[in-house]
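Two complexes follow with chain A in common, the first pairing it with chain B and the second with chain C.
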Partner chain A sequence: MTKRLVQGNEAVFLGAIKAGAGYFAGYPISPSSEILAQASGYAAKHPEFKFLQEEDEIASANAILGASLAGAKSFTATSGPGFSLMQEAVGYGHKVGIPAVIVDVMRVGPGTGMPTMPGQGDILQARYGSTGDYTSFVFYPSTVAECFEYTIHAFNAAEETRSPVILLSDAFLGHLNEVVDLDTIDVPVVNRTLEPLASGGTRLFSGVATYPDGEPATADSDEFIRQYLENRENRLKISEKYAFYEYGWNKDSDTLVIAFGITRRVAQPLAPHFALFRPIRLWPVLGNELTEIAARYKKIVVIEGSDGQYASVIEHMLLRRVERVPLLGGRMSLEAVREGLDRIGLLPKESEPGSATAADASASASVA
Partner chain B sequence: MAVKDKLKTDLFPTIWCPGCGIGLIMQQLATVMDEVGLDKTNTVIVTGIGCTGRMGAYMNFESVYTLHGRTLPVAEAIKTVRPELNVIVVAGDGDTASIGGNHLLHSIRRNPNVTVLCNNNEIYGLTGGQTGPTTPKGTTTLSSPAGSGFSPINLQGLVNTNQNAFYAKTTVYHQGPMRRAIKEAIEWPGFAFVDIASQCIENNGRRIGFGSAFEMLEDYKSSYKAAPRGATHLEPKQLGIIKNEEPVPVGAAKPAGPSTDGEKA
Partner chain C sequence: MSAKFIVIDGVGGQGVRVIGSTMASLLAVMDYHVTLLFDYDSSVRGGMSEAFLTYDREPISNFVVECADVVVRLADRGPMHLTTDYVIADCDLIKPGERGEEIPFLQLGVDKFGRDLFGNMIALGRLLCVCDVEFTDDALRAVLPKKYVEENVAAIKYGYGLDESSIKAIEPEQAASSFAAKYAREVLAGTAPDKAVELAAAR
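Right after this comes the complex of A and B.
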């Protein structure tokens, strides 16, 4: 209806509201704090939307799980260090089966790191950060409009999988302002799947291994394995509905660039020279799609804001060598990408056709 | 309804050791719930990790068995989303005051209308008997063979930083006062904390010289006295309920009172 400037973090918040979120708990941390601010402002005007600024991220993560059990679609937003603090709750949410969304606006780590600089160092943390085995869903948009769109998908996936779903963003994308018309983005919303607390039953929501009747199964390996495999199979089946990716740029190139989130935007001027595969669902890995597409290319290079976290994953999955262009220390620039490509001998020569401009290389999105 | 309808008696016997005090708390909680009309349609139980955490599994209510130390964020969120529900937290002293200490501090400050029953056995029982935040100074435990080196946390003092504090101290021996404390805590329109001294014979009592749970109960019987009428705080080994009916001005909280081993906070 109306085009206007929207910030990435704001789009995430608006997507959550569109998805039906009724509860937010969070703790201030750059570069995610705008989401907290949006939530507090919204709650002041909409009493049905509940908001709490917590004492820490541990409380935030556990509170959104409690709120979800009580009946509200719930979410929190943080950045790497806060996300680390939330990890125990992530695993708990997976074990118990609680829908919720955690937004991680990535900055440069480890530790307090570079709080205002963009990073992509939480790719593995988003998948493997909690103790034990679990099957998690992780989405990573790369435009402001997509921040809105995939936040809704994240809430939907949370409901369908009954698990905490991670929406990744980064300092660059979170603070990016783009002119968008969010009203034109239409994603059907999945309703609540979990019957709220005190519905008249006597359910026990426990992080401990239990039989379906609530009795402890803490020494029954067969029961544990049965539940785990059933859960994994169920989640992987659901994931087929969320196979989001972009495949485009110069598909006739002999090199496939894999980039996601903000790095895909940064690398855009290289469009004439490379094919692009951009996973939007980072986890579960888009194995079938990636295997089929990668087979068409002689070389694969992953451009990412970490020292090869996702490159290692892809290399392992495809069982073939994958080149790496790590953008470290928040240096998310075309110059850094070009330097990285030069180091591995993949920098296109200026005289090559199509190198003058990227304007003609419109990204063709093929989102399943 | 009868008291036993509040309990999943088909799951009995419980996992608690013979002589454990937790069952006495569950029994009085069930009694009060029956008396004031709490049932599975209007009440949720939130428990922490530790022996005490199993209580939710034995009660005919919907129950959330949270991560270690996280009862309060979960309980507060449930109460926020569903203010019509009674939210009752049952957790041990280690869960509440050590790993969950930061949440305790801030829940006290925010004053949500939740009831906390703290099973205070002065020990980490489930893990075998290590020093807890409530262990009296000098106590020999698995992790303090030469005696615990520090004074216990002052729960009364912490709770009293709430302008509308509700703090009750009781023991599992004193069933009448315990029942009264639980009832008043549930009816209190804010954060209410019931500090219940409870024996852990297997992983604490025997190591510090008690021969049986009965001896520990006898010790509660002889050592605890009712606080004088009108007391503004409880001295060590006093039973009573401290309520700030009139909000205390910020920065002028009621006297913290001594911690359980008598040392001034």
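Right after this comes the complex of A and C.
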């Protein structure tokens, strides 16, 4: 492959194929539908890849879990309203331990909301959407190349954690075309970790609490807690391998901007004025990295496409005040960022309005 | 060069995607860094359809265009909070105070190439000219849709060759805004998109 224009949603699909995905089930919903369309077209030419258009998102999520139990690396793609419908399956996947990837191309909610406008309102849903306690892995790229790259990481993390992993995107990133050469992106692929059903032995996948021998443990708190803590520790240990973030811009500034996905892109022209921390792995929160970096700055401001979902998380984690610049109603733009910064008294006087290129930034950023 | 910011403004079915994709692919072939973002309303047929195209010799970070160098306006459904230096518009679409030109693209498509849809390529040619993009026929052929390649090349070159005096000499017969209104009305009435384009373009 050479350099060519690739759409964000297409890059996600190609990343899934690169990661070894063999099954897609989904229900079309803007702005994720191109992923479903790609999967459909690919399946028509590659009989080894299975595609199913389901009747809804509940069926889609359960189908990919079933396919995963049967041995296939599987995934689905949806947007906020569909993701809400998938949450029961997410919890089930966590409890039983089923690798799968759910792509959520976020739009403005709640409800049907603004179907084609970009939002970031599923940050907490991606972590806490299902019932009970579980340890979610959530990645959020911000370029088309990263859509490809972090889809592979999402599949890898799903295999290692044996859980549904969430890949977040948004309407703008999903519909953005950039010139990329995906062949230059080399991410080692983690092989299937789960033996398929019918390969011998007994496998319980009812979703209820059980002892290791399969007997119900539905009234044994100690056993439940033991398993939960073991699971949590295991997943947090695995998360150390997936500590992806970007730290850069003007590190000498006294203000740290936290932005991710689309908001990081639109805020780029402010690079000379602020330091940037961009979590690519949103969950588990990059606690150690963020604590260490945040300590260097007098002020912290989170720019995000929700009314402070991630800001609240950061504030709670750091136990210090975090300023908020919410970009609502799909208005993801530098102008909206500047208005938000102005409202909280953090707008740099000398920065000029308008778009800018990466080359305009005086400080480069590095991805860890 | 510094980055160029282009916005193509129209309604679904008018060719915003074709113009945006063709120009972006052409620039990519010419080794530019390019970002192309499609934004559209949930009512795709007859609803707002925008393309935000940025190109540069440097990598592009912010791809959301708020201050465009050039807007191509095929219908006035444009994004809010957008300013522009220059507008290339179909007839009756330049707003008071804007600097730009009005060209009856659809009409030219029919008059010069037999189909209104070639108006899109004429608009693309004019856009390439205004942006000073110099291209080769080979580069163009490589990125055009596979149908009607030669006709499209000819239409793009026709648009590229338009100048102030030739634009002034064109007598517009129908404004694009009335096309957009007719098109939307047809689609809402249940007419198939292809047929709706035909009916809307009929004088």
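Note that in this section the second predicted complex is superposed on the first by the 351 of 368 C-alpha atoms of A that agree within 3 Å, B and C clash if a C-alpha of one lies under 4 Å from a C-alpha of the other, contacts with A are read in each partner's own complex, and residues count from 1 in each chain.
Criterion: contacts are C-beta pairs under 8 Å (C-beta built on N, C-alpha and C of every residue); 3 or more make two chains touch, one makes a residue touch a chain.
Here the structure is a predicted model, which means the values were calculated and not measured.
Peer 1: After the overlay on chain A, what do you see for chain B versus chain C, clash or fit?
Peer 2: fit
Peer 1: A:145 in the overlay: touching chain B, chain C, both, or neither? Say first, second, both or neither.
Peer 2: After superposing on A, A:145 lies clear of both chain B and chain C.
Peer 1: Would you check which partner chain A:268 touches, where first means chain B only, second means chain C only, and both and neither mean what they say?
Peer 2: second
Peer 1: Tell me the contact category for A:208 with respect to chain B and chain C: first, second, both or neither.
Peer 2: First partner only, chain B.
Peer 1: Using the superposition on chain A described above, determine whether A:105 touches chain B (first), chain C (second), both, or neither.
Peer 2: In the superposition, A:105 contacts neither chain B nor chain C.
Peer 1: Report for A:5: first if it touches chain B alone, second if chain C alone, otherwise both or neither.
Peer 2: second
Peer 1: Quick one: classify A:177 as touching chain B (first), chain C (second), both or neither.
Peer 2: second
Peer 1: Rounded to whole Å, what minimum CA distance do you find between chain B and chain C in the overlaid structures?
Peer 2: 25 Å.
Peer 1: With touch defined as at the start, can you tell me which chain A residues reach chain B in the complex?
Peer 2: Chain A reaches chain B through residues 22-23, 25, 50, 52, 54-56, 58-60, 62-67, 69-72, 74, 88-89, 92, 196-208, 214-216.
Peer 1: Quick one: which bits of chain C touch chain A in the complex? Just the residue numbers, please.
Peer 2: So the residues of chain C in touch with chain A come to 2-3, 5, 21, 24-25, 28, 32-42, 54, 56, 58-67, 81.
Peer 1: Report the residues of chain A in contact with chain C in the complex, numbered from low to high.
Peer 2: Checking each residue of chain A against chain C gives 3-5, 30, 114-116, 171-172, 175-179, 265-269, 331-336, 353-359, 361.
Peer 1: Can you list the chain B residues touching chain A in their complex?
Peer 2: Of all residues in chain B, those touching chain A are 8, 11, 15, 40-44, 46, 56-57, 59-67, 70, 72-78, 80-82, 85, 102-103, 105-106.
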